[in-house]
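Would you mind keeping the following structure in view while I ask a few things?
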Amino acid sequence: MSYFAGLLSTLFDRRYERAVSLDAEGRTMTELALDLLGARGEVSGSTLARLILDQYAGADDAEKRGFFAFMLQDLEIDPVEVVECLKAYKEAPSKRSYREYARASEPRRQELLRRLNQVPGGTAHLVSMRKDLLRMIRTDRMLGPLDVDFQHLFASWFNRGFLVLRPINWSSPAEILEKIIAYEAVHAIDSWDDLRRRLQPSDRRCFGFFHPAMPDEPLIFVEVALTRGIPNSIQSLLADGRDPIEAEEADTAVFYSISNCQAGLAGISFGNSLIKQVAADLSRDLSLIETFVTLSPIPGLSKWLDQADHPALKNASRQAQAAYYLLDAKREDRLPVDPVARFHLGNGASVHAVHADADLSENGMRQSYGAMVNYMYDLSRITTNHEQFVTEKTVAASPEVHALSALVAAAK
Amino acid sequence: MSYFAGLLSTLFDRRYERAVSLDAEGRTMTELALDLLGARGEVSGSTLARLILDQYAGADDAEKRGFFAFMLQDLEIDPVEVVECLKAYKEAPSKRSYREYARASEPRRQELLRRLNQVPGGTAHLVSMRKDLLRMIRTDRMLGPLDVDFQHLFASWFNRGFLVLRPINWSSPAEILEKIIAYEAVHAIDSWDDLRRRLQPSDRRCFGFFHPAMPDEPLIFVEVALTRGIPNSIQSLLADGRDPIEAEEADTAVFYSISNCQAGLAGISFGNSLIKQVAADLSRDLSLIETFVTLSPIPGLSKWLDQADHPALKNASRQAQAAYYLLDAKREDRLPVDPVARFHLGNGASVHAVHADADLSENGMRQSYGAMVNYMYDLSRITTNHEQFVTEKTVAASPEVHALSALVAAAK
Amino acid sequence: MSYFAGLLSTLFDRRYERAVSLDAEGRTMTELALDLLGARGEVSGSTLARLILDQYAGADDAEKRGFFAFMLQDLEIDPVEVVECLKAYKEAPSKRSYREYARASEPRRQELLRRLNQVPGGTAHLVSMRKDLLRMIRTDRMLGPLDVDFQHLFASWFNRGFLVLRPINWSSPAEILEKIIAYEAVHAIDSWDDLRRRLQPSDRRCFGFFHPAMPDEPLIFVEVALTRGIPNSIQSLLADGRDPIEAEEADTAVFYSISNCQAGLAGISFGNSLIKQVAADLSRDLSLIETFVTLSPIPGLSKWLDQADHPALKNASRQAQAAYYLLDAKREDRLPVDPVARFHLGNGASVHAVHADADLSENGMRQSYGAMVNYMYDLSRITTNHEQFVTEKTVAASPEVHALSALVAAAK
Amino acid sequence: MSYFAGLLSTLFDRRYERAVSLDAEGRTMTELALDLLGARGEVSGSTLARLILDQYAGADDAEKRGFFAFMLQDLEIDPVEVVECLKAYKEAPSKRSYREYARASEPRRQELLRRLNQVPGGTAHLVSMRKDLLRMIRTDRMLGPLDVDFQHLFASWFNRGFLVLRPINWSSPAEILEKIIAYEAVHAIDSWDDLRRRLQPSDRRCFGFFHPAMPDEPLIFVEVALTRGIPNSIQSLLADGRDPIEAEEADTAVFYSISNCQAGLAGISFGNSLIKQVAADLSRDLSLIETFVTLSPIPGLSKWLDQADHPALKNASRQAQAAYYLLDAKREDRLPVDPVARFHLGNGASVHAVHADADLSENGMRQSYGAMVNYMYDLSRITTNHEQFVTEKTVAASPEVHALSALVAAAK
């Protein structure tokens, strides 16, 4: 936004824009898109791309849907051409024949998206475009293939090597902090004062991944508490009047909240990289920290308990219920029912401890009757845990949690 | 390099690396690459990628060639699968069937390159890998298709929206400045003192494009002289004892040298964006500047003149020869013979003036018997010029240059 | 604070501190101060200084008063010594005799303050110390001379050449923004949302002076509105729902609030430099801006009107009252009664226009029955206005304001 | 320079400057200085200050000397006024009477220098002015008292709390690096390549103190080698082809060169702070480093040996000679003859080891017949060493050095 303003403020650009804009007047997004795909040289490309993104930003849902349909149908592959080019390439492999095949086998909409991405600020517009698309796909599954192209490109553009890890603290710009307030998805932040309590004390840290093309937009962030010992409730961790400890005295880093910020980047995974990178940075700066755990919600517990009808389970303690749920409640594919469990176990963590009355907030009571769990990231075991979870669906857990779960199993 | 060192210096990472590295010991690049492609989850992916890039960096040409052959043959598309997936998709289009087609139609080497790119610093390694590839392709054209994949990915990763324009001046880090000395391709820079003369005076500017994943490596840079009036020789422009003028007094910006820095990014075009962006920035900061021209070499003139056998041409003045060459010497595709001319005319510039005795250096005499040319970037005409050049192969030129060229044509 | 923590976190420092601290244990501030003055070499100086500042920070008012008394009495000049050194110097002027005189004529408390200032972060502590002193002086005028020393040193340390002008906007660190909320003295900022309305719109600017030794603490800041035409009320300027204009369209910059932030820097003047520098920066960046005015309160108007008993004045319009007050209400020294008027007129501004119903807030009604004034900074007249105000006490004003004031004067 | 240009480039300033400059035309530095001292308000002050500094910069030695004489004589204290004000203050101490005394007891030239310092960039000009002054004092000792005022103000402005420690490395701006080449006073740097060998290897560090008002000018810098064990010659330390070690493997930090950069800051001491701060930073970042030593020249050794006529001394080994010289060669005030020894011993270091053939350069042979010395900064002993050196003139040394020295003493 401000970038566009900045760019437009030069005489050079103004005159130049005007020339192209006049030509473009009265043309639709799809006409402009075809022009953009046909543009030879980059001279007029970036202006066309800008015009399309501007039109899109002002479009209503019907127009957006129309643009998606256009990309899906008019910029689709030509199956006959794909097969012909494939044949030509395999018969006489060369740079030229392969280039022809590569061009034909990829729908032109991918090239359109790449050209739209060439405008400064374009990336954020495309992320926002996919957010629209995902919303519409829910009711119009025909649009599904288009999302495959978006996801393919985003995975390439948002690869780990391009991301920048930045600390987020009370010295960060307000425009970033207000997004932390808005995006915190696990334990809501009520106000700027509440935010300050999360960021400013000596025993708190927050880190986010940023992409250079969207420097003011966190992609994902994690909030960390530095503690002595492993905490067993979110209330005590976030208590208003608590006494912070010195960071240098902490022996444990607790990842108590991880929030994705961009709906338009759904399915592009950053979480595991983030935890690993933050753990590495913390262990470098604070040499006493040896334990890395989470304090995580168990979002599916209440619902699952309500549906269960084993008396043994009903009568078990909350801790035992939670342990059993995490270790033994599985989906058809033999992976845990709980989505947060799947995430951390997939990263190589183990179920370290379960706690009753650990999140007494309305949300905590609703989703898990107040229970929470610590997943542990033990470096010496991450790879093994990860492999076993992926190949054999084994859930790594501490003996204590195993014992709790076994109580329920035995009683059934 | 320093990044890896930094990463390795944490206890966390050290222990972690060791676990994976031990497993990897004694395995070849291609075995590791297959592991990387098979890796489920990101846990071990970045370490595997790093091991491959490290092995590659230490490999000799035979090993590198082997790795390229592996990518080309073992990670090739399966034509049968492509056709089957294509058929399935067209018969029953869905997100799933399209994803299967997309996966099958793209060779797995692209996914391998994307995963190698996830390592911090990976991008620079891949750019260097393509430099090797391009060198080997010259003698082994079978490797050609592999370069199509590299180019496809690089065009996506180095799109204009990700690039950052930075001024390069006497306050820039030495590690960047030494690369300017190394990469200057048009008018060589002899020493740090020579560099200072290019950067420090009030009437000199230099700008480069950088990519966030390679922050210390300029991709391309342009050197600019701010002048009163359009200069007619490089000697006067770069004269040792000359008196600089105040930037605020200049009415003309002269792009006198554009250098690409990365052999591994050949064919990824930045030049036009760079000139346009720099012109926009300069016109914002220095309001008196109204003229944007180049002072460019004519690299093909000498050779072309030596081969020509028209007496009229031989007898013409150097200026007339140059004008005729730029306007009328064409390739089979009717585009100008001169590569620099093709670049600027393709960007929408026009041939503004030609000068004899304008570059008396050894190199200047060899390539063009000392002649040089100003291409003009006139905003009000860039789009028209560009369109006409691309569609009708028309070379835009000033009346004076047209007249010079006509002299020769008439005499022939 | 964080700096000290950082420093202490190194093993080197920890061991070193401990050695000095043990020696210092149980000693009072005044004993430590004498040690600090006696310290030969800097080796132990900075640690002693830190210990003193730490003790001071934890002291109660009685202890602080004791420390001030110590500085005033025990670190006082010795009149006999002053006279002797003066005599020696005048009889045989030399570097040595002058150095002796300079040493003797200055109380040792100045040297103490200079040594306390050598600790990183010391400057902020001393500013805070003077804040205490100024508070105590109100009831204990004997402490007055000590403030002369503080003021002397602060004028030297906070001279204009050391200050840095920084924009303050929605990208500024939260820790600075929260101080803007706290320090805004003219038109209170209620909340972060209110702050955002002051900083984020395209037609708003804010700038502050910072000192390198207190980088997180604004010394003074000014809020600016960019407008078309000169505004006549603060309500319209700060209206919630108003439509911002583009900065590039503005022809006027309105300084509508200037706030000093540091009570401990009372009497150290920054305001004039700030306005001049901000005007220079704005006129460079936004070429259409030609008018620089304030929209200022008239803090003494209500009180003065309530005390006046001229019927002509009572019956005059609010505008006429304000004009008469600003132009004709004088103190014994013939300068205007109104303190804000003295500030801007002393800077060379003129009274440009007066407005009734211009500040309808509780505070505005109380201090000036809602009237406000525009002071104009006209570059071509600043020096003349300033000189005439200082030498002849002439108040520069527009013909309209003169006419309004004359109405009242004539009726009296 | 560039700052002034920047400032002048605004219309606002241009008009304003012109007004003041016209008034100032044809006036001398001393007239302008009197104006500046008389200026009421800051409005015209900064312009006057700038004019004076500009005139001074263009003045020849006679004019500069004249300006110094003017400050010394015309801006001198009035002894009668000093005594009167002193009397008035002591009879009736008050803020007002003390202020009068303070004003009278300080020569007005100090206020002039403070006002000149208010111009951005003024500090650098004043440092340069003092450089001139020190040069002239050598032949004109009457100017001596003026330097007392400069030194007094500089000690206040360049106090430790205002200085910023910055690493200097191959990423530093060229404009700073060229000053390192110019200012290196101990072991000359021949070229940019030589500089790179000092800065770029993993086992080299360099740090400098900077003042915020002169951000491009290092005040002092120290070069550090990270080693395993304590080095015994500068040749091996700076050898061209040597293999760098990883910084993380080093156990020793060697301060092998400390250079002051500003002749105009002579007598303002930064060296001890610099060493202490750098040692603290290094021990935080590189946990294995436990030993902090210098590898220092012995500048007075050759000359002292040549003058000595004890046969025992003449016959002693170079090491024994050096040890004896450092421990036993004293000035009248019982401090060591060697200036570098006085510096480090005064900082609390001890003489750790002496080496023959340790600096075989021309300069090393001339000043010390090739001998060098390690001074050790042992944290647990710095305070004690410092105190004993200052109070009892005791030179701390290792048993080995004591033994070497004793050999010579015994033989005498």
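Going by the order they are written in, the chains are A, B, C and D; count residues from 1 in each one.
The rule is simple: contacts are C-beta pairs under 8 Å (C-beta built on N, C-alpha and C of every residue); 3 or more make two chains touch, one makes a residue touch a chain.
Note that this is a predicted model, so its numbers are computed, not measured.
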| item | value |
| --- | --- |
| Chain at maximum distance from chain D, centres defined as averaged CA atoms | A |
| Between chain C and chain B, distance of the C-alpha-averaged centres to the nearest whole Å | 54 |
| Euclidean distance of C-alpha centroids - chain C vs chain D, Å | 34 |
| Per-residue overlap in chain D, given as positions that touch at least 2 other chains | 9, 287 |
| Overall pattern in which the protein chains touch one another (line/ring/star/complete/other) | ring |
| Pairs of chains in contact (touch as defined earlier), listed by label | A-B, A-C, B-D, C-D |
| Residues of chain C defined as touching chain A within the complex | 5, 9, 170-175, 177, 192, 196, 202, 216, 246, 248 |
| Complex contact set, residues of chain D against chain C | 7, 9-13, 15-16, 19-20, 23, 40-44, 46, 77, 79, 82-83, 86, 89-90, 93-96, 98-99, 102, 105-106, 114, 117-123, 141-142, 144-145, 147-149, 152-153, 155-157, 159-162, 164, 212-213, 269, 272-273, 279-281, 283-284, 287, 346-348, 379-380, 382-383, 386, 390 |
